[in-house]
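Both complexes shown next keep subunit A, but they swap its partner, so subunit B is in the first and subunit C is in the second.
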Partner chain A sequence: MEVTFEGEEQDPDVRFVRGTGKYVDDIKLEGMLHLHVVRSPYARARVLSVSGGITGNELKATMESVGEDAGGKSAVSFPALSASYVNYVGQPVAAVLGLDRYDAADKAEEVDVQYEPLRPVIDPEKALASEPIHPGMENNLVAAAELGKEFEVKAPIEIEETLRMTRISPNPMETKGMVAVYDGSNLTVYASTQSPFSWREGLASSLGLKEESVRVVQMDTGGGFGSKGGIYPEYVVAAYAAMKTKRPVKWSETRYENILSTNMGRGVRGKMKVYADREGKLKGLKADILVDVGAYPLGGGGWTARWIASQLVGPYSVPRAYATAKAVLTNKVNMGPYRGAGRPEAAFFMERMMDRLADETGVDAAEVRLRNATSRRTTSPLGMEAPPSKQLFMKALRAFKYSSRKKKENVGLSFFMLIPAAYGGESAKLAVKGGRVKVWMGGSSHGQRHDVFAKSLVSEELGIPQDVIDFQHTDTRSISGGVGSWGSRTAILGGGAIVEASRSLKAAAKKKLGKKYSPARLLEGEYEAEAFFKPKDLLNTLGANMASARLTKEGNAVVDEVVSFYDAGKVLNPFMLESQITGGVAQGIGEIMYEQAIYSEDGQLLTASIADTGVIHATEMPKSVVMTAASRSTLPHGAKGVGESPTIGVPPAATRALEVLLGRRFTTLPIEPEKLWATDVAGVKEVRVR
Partner chain B sequence: MIPPRFEYAAPKSVREAVDLLKSRGGEAKVLAGGQSLIPLLKLRLAAPSLLVDINRVTGLDYIRESGGFLRVGALTRVSTLNRSALLKKRYGALHDASLTIADPLVRNLGTVGGNLSHGDPSNDLPAVLLAAGGELAATGPSGDRSVRAEDFFVGTFTTALAQDEILTEARFPVPPPRSGGVYLKVEQKVADFATAGVAVQVSLDKKSEYARVGIGLTGVGPTALKATKAEAAMVGKRATDRKAAQEAGELAADASSPTTDIRGTEEYKRGLIRLLVTRGLERASQRARRGA
Partner chain C sequence: MPQTSHIAVEVNGVKREADVEPRLLLVHFLRENLGLTGSHIGCDTTSCGACTVLLDDKAMKSCTVLAVQADGRKVMTVEGLGGHGKLDPVQEGFVAEHGLQCGFCTPGMVISAYALLQENPDPTEDDIRTAISGNICRCTGYEKIIESVKHAAKARRRRRT
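So, the complex of A and B:
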């Protein structure tokens, strides 16, 4: 029983527009059972008993942090099904199988779970003083780091601010899901994923299988934004159910389940203090970062606090910096990577301080940034390496027509550095047979259309037409290794691997054909080449955003336009780049004005429908203008990362535009709706900015 | 949608539908446009044993003026309201409100009867009916009756309709000349429920003073509310009296009882009522002077 893409429409333009994509939930196999997960209604409770279905007493599996989430050994083990304690609303406690989804949902109502509710820990700022949520731990602290050196400095300007980015739901268009098939010795999993190889590692480890006996095939995948880069309890349970019953098992969650049980992004507080002279030149930076990890530190909770702190200085130069970073447990679903994953938090915190600095010194917001930008490659006191930034930012300001626009419009700026997740590299494979070329990458498209750049790179390298190239879904059986698609990495690393594999394929063909070599002759033969690309150079790149804001006739503030100027290296495909950025602008605007996960004091998620999570419509979308700086990277194809740039750069720029328009200072995202009115609608206590 | 099991019936007449409701004594639910009921079934928050689908019942889809009322049949789709030239000309509040309900997909299916009889304090039409001083017609086992709008909205998700009654018609009094209505809604994003909404229906006399004022409030209480003190305070005031309109805003805000939720704080919602009532009076009287 195998699911293939043979005979399917290959062109994604046609496949998706016609609605003939092949997603996990489209899979129908003979004898397939449907899994329904029974979830905790409490944020924190002792499980007294569970009866009915598969329970944690039967399946004692726990989970390792893998893929984009990976952060070393966790202090707390995350059970696939909890038999003792539950720690967030939506945590799986049991699972049932049905002949169809209706049958499974009905059977789930027969599962009896007895709980003894406990008082949950919800507020991360109180979590350190609260009793530990996990038995056996001393407190709720799961990660702490100190970066740079403590310092004292005398400065005429000292500004302190506490800034917050509220948790948000990733909301990929396609919810999570998988189909597991077990033949008695091998487990095959069809997945909605950003990383088949991480799934293979995670499932094998949780179920005690050898990686060779687990195959993971990526289906068409409708978005992830970081939420599908690791594994979840439900995956382990569904795979186990297939092994137990020896029948195919499908698990496909509803939107409600997705919002309840998918790792959420952000949820970070930054206490910032900058020291500067009266001209706005930074003399020092201190910061304290607090990350709300949720119930288990497996989604990235182990590394996010330090990661944010390490990049606070951004593209600037500061003589001294000192940061502390903590991550704490709360009774909420796990925190996890969400488009930008730590980068937006660092940029928001720093860029808000640059605007404060402009206000305090009276120096223009662009000028204050330029005074702290660098003309050479630097390593910050917090350990992050940055390329020279001043020239690029000056170019951006010219492209924005900043000086003339700021005179007549309410504009905000942001400068930032994008650090792509280059660690681990990425793989690609090419196979020529029957006049066609198949291309795989170790981690590929979950909505980005990687096929577009993949085909153009292969076509350029081999001198063959694009219509003989077939881009393949990632399958752990078709390529010997791989990492995954996240962190602005795939075009640079997967693309680099495609170039390398193309070149070695061409070399092999040339060796075989000698002087008779031609692209047409190459296509007549049979060749295979695989490459694993690991760049050595610094791939950190820079970007800038400008946003403008205006009032509607009803007196509401809206962001009118967002202009992006990103150093994306050699642009592999301008249309795809613009599409990526446009989507990111939408998420950036959502994050500052609409999107948030709100929990009640007893840990119930109050924003549990897609409308309530705040995803924007086209009607809330500002005009988006995209520009790029043409500066090839040192990679073979000259590309640089760009996928996360808009979620990093847009929030601080757009927040500033609103701040300038309304004269109110904003420190927390999303901005409360009552503060977005020109008139004092609800007795808003204002902090006026200059 | 993965609802619990239910039986399904599709009667052809109101009488037949009422009989079906009566036979289940509260275990049956009427399915009209389904835009509120289906989400409840999807989340298994509702588990009726029988769905009585009234979409095949004829004669409940109309908009007409007769006997001193604008009569809107309960099965009239919200999108039909959107397109009605009569509403645009003479029933401004109803026309405005119909365009703010959810999105076009919902409006194509959602019905006037469903919007009113669901008893959701965040639905937009109840405030319009309250401002207009309208009434509702219902059919039950013992025949037809009418209920005044102010007696209809009893509590959150509770109306004066009995379990075996079906709402058949909403009635808006035909406004005299020099009347105007408006519905103002603040929503977080397009298609959202109201953070707060205000319907204002006014009639002016020859001196351009308010002869009748109706004010309905959305989303700021357990039901849609009628701001009676604010209404009374405006009668006899000049249509251009800004201060009076602001005072009416204060009175309406005092009469509201919003709660803090994901859409905003209690204080913010009260502030919106203040703003929207003041603006609503100004705009409704402008329409009245233009004759809309």
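So, the complex of A and C:
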């Protein structure tokens, strides 16, 4: 019993407009059962008893590996199904199987769970003083780091601010899901994923299987934004159910379940203090970062606080900096990567301070940034390397027509560094047979159309037409290793791997054919090449945004236009790049205006429908203008990362534009529409902003 | 056995009959019973529009209509567009302007756009934004979707003249 992609339309756009994409929930296999998960209605409770269906008394698996966080093992064990304590609303406690989703939901009635509710810890700022949520822990602190050196400095300008980015739901349009098939010795999983290899590793370790006996195939995947990189308890339970029943098992969650049980992004507080001279030149930076990691520190909880702190200085140069970073447990679903994953937090905190600095010194916001940018490669006192930044920002200002627009409009700027997730490298494989070339990547598209640059790179390298190249779904059986698609990494690393694999394939053909070698001859033979590409150089890149804001005739402040100017290296496909960036602009605007997860005091999620979570509609989207600086990277194809740039750069620029328009200081995201209503359309300036 | 009702629905021009539970949603009837998996399920609160179909020529979110309510009526899904291997101008517009990324919201967007152009062959940009404001896309930022609809409107007008 197998899902195949035989005869599939190669162009995903054509496939998708016809409705013939193959997503997990479209799979229908003979004898397939549907899994329904029974979840905790409490944010914190002791499970007194649980009976009916598959429970944690039967399946004693814990979550071992979660993709992007691989290696970040925690002392706290996260059970696939909890039989002792539950720690967030929506945590799985049991699962039942039915012939279809209705039947499975009916069967859930047969599950009986007795809980003793406990007082939950919800506010991360109170979590350190609260009793530990997990038995056996001393407190709720799960990670603490100190970066740079404590310092004292005399400065005429000292500004302190507490900034917050509220938790948000990633909300890919396709919810999470999978189909598991077990043949008695091998487990095959059809997945909606950003990383089949993380799934393979995670499922094998949670279920005590050998990785060789687990195959993960990526289906068409309806978005991820970080949330589909790692594995979740439900995946382990569904795979177990298939192994137990020897029947295919589908798990496909509802949106309500997706919002309850998917790792959320952000949820970070930054206490910032900058020291500067009267000309706006930074003399020092201090910061204290607090991350709300939720109930189990597995989605990134182990590293996020330090990661944010490490990049606070961004593209600037500062003589001294000191940061402390903590991550705390609360009774909420885990925190995890969401487009940008720590980068937007760092940029928002720093860029808000640059705007404050402009206001306090009376120096223009662009000039303040320029005065702190550098013309050389630097390593910040917090340990992060940055490329020379001054030139790029000057180019951006010219491209924005900043000086003239600033006179007429309410504009905000941002300047930031994008650190792509280059660690671990990435793989690609090529196989020539029967006149056609098949291409696989270790981590592939969940909406980015990696096939477009993959085909064009292979075609360029081998001198063959694109229409003989077939881009394949990532399948752990077809390629020997891989990492995954996240952190602005696939065009740079996967692209690099494609170039390397193409070159070694070409070399093999040349060796075999000698002087007779030609691209046409290459296609007549049979060749295979796989490459695992690991870059050695600094791939950190820079970007800037300008946003403008205006009042509608009803008196609402809105972001009117967002201009992006990013150093994307050699642009592999301008059309796709623009499309990616504009999508990220929408997420950035959603994040500053509306998007947030709101919890009640007892830990119930109040924003539990996609409408409540605040994602924006076509009517709320500002104009997006995309520009790039063409500076090749040192990689064979010259590319740099770009996918996360807009969620890093747009929030601070757009927040500033609204601040300038309304004359109100904004320190917490989302700003919320009710705070964006002009009480006086003429504009009462409550704070002095320039 | 749960009680069932007999329904007859014309789907993409073909009469389809079935005995269904009264609680069965139209989108599940289309996807599970008929295998028309083009209509997607992106939420459970009629908010996202991924399941949009035409019900008696009106754009409708099929996750909030019971299959029994469609009895005796006409449904068109994304699979009913185009024909003979050809794309409808609306589909062509989405391909030409790349009005999609992950493709999950696409069938609903395409149907909403199709319904708009049936009613208003020459929509303004604001008309388009309003017409697709019941459809959520998380990838594109909508701009290229709007361009796709404009492209489709032009192509349709050209075809008529």
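Just so it is clear, the second predicted complex is superposed on the first by the 677 of 690 C-alpha atoms of A that agree within 3 Å, B and C clash if a C-alpha of one lies under 4 Å from a C-alpha of the other, contacts with A are read in each partner's own complex, and residues count from 1 in each chain.
Please note the rule applied: a residue touches a chain if its C-beta (ideal position, glycine included) is under 8 Å from a C-beta of that chain, and two chains touch if they have at least 3 such contacts.
Keep in mind that what you see is a predicted model, and the values were worked out from it rather than measured.
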| item | value |
| --- | --- |
| First, second, both or neither for A:K390, with subunit B first and subunit C second | neither |
| Which of subunit B and subunit C A:T607 touches, first, second, both or neither | first |
| Touching partner for A:Q448 - first (subunit B), second (subunit C), both, neither | second |
| Partner chain in contact with A:T254 - subunit B first, subunit C second, else both or neither | both |
| Touched partner set for A:I598, first subunit B, second subunit C, both or neither | first |
| Residue contacts on subunit A - larger count, subunit B or subunit C | C |
| Subunit B versus subunit C as contact partner of A:H617, first or second or both or neither | both |
| Partner chain in contact with A:T175 - subunit B first, subunit C second, else both or neither | second |
| Contacts of A:A105 with subunit B and subunit C, given as first, second, both or neither | first |
| Overlap of the subunit B and subunit C footprints on subunit A, listed as residue numbers | 101-102, 254, 256, 611, 617, 619 |
| Footprint of subunit A on subunit C - complex, ascending | 21, 23-24, 28, 31-32, 35-45, 47-48, 50, 77-79, 81-82, 87, 91, 94-95, 98, 100-107, 110, 128-130, 132-146 |
| In the complex, subunit A residues that touch subunit C | 11-21, 23, 25-26, 28, 100-102, 171-175, 220-223, 225, 254-256, 446-449, 575-576, 579-580, 582-587, 609-611, 615, 617-619, 621, 623-624 |
| List of subunit B residues in touch with subunit A within their complex | 2-5, 42-44, 188-192, 195, 261-265, 267-272, 274-275 |
| Residues of subunit A touching subunit B in the complex | 101-102, 105-106, 109, 254, 256, 594, 598, 606-607, 611-612, 614, 616-617, 619-620, 672-674, 679-683 |
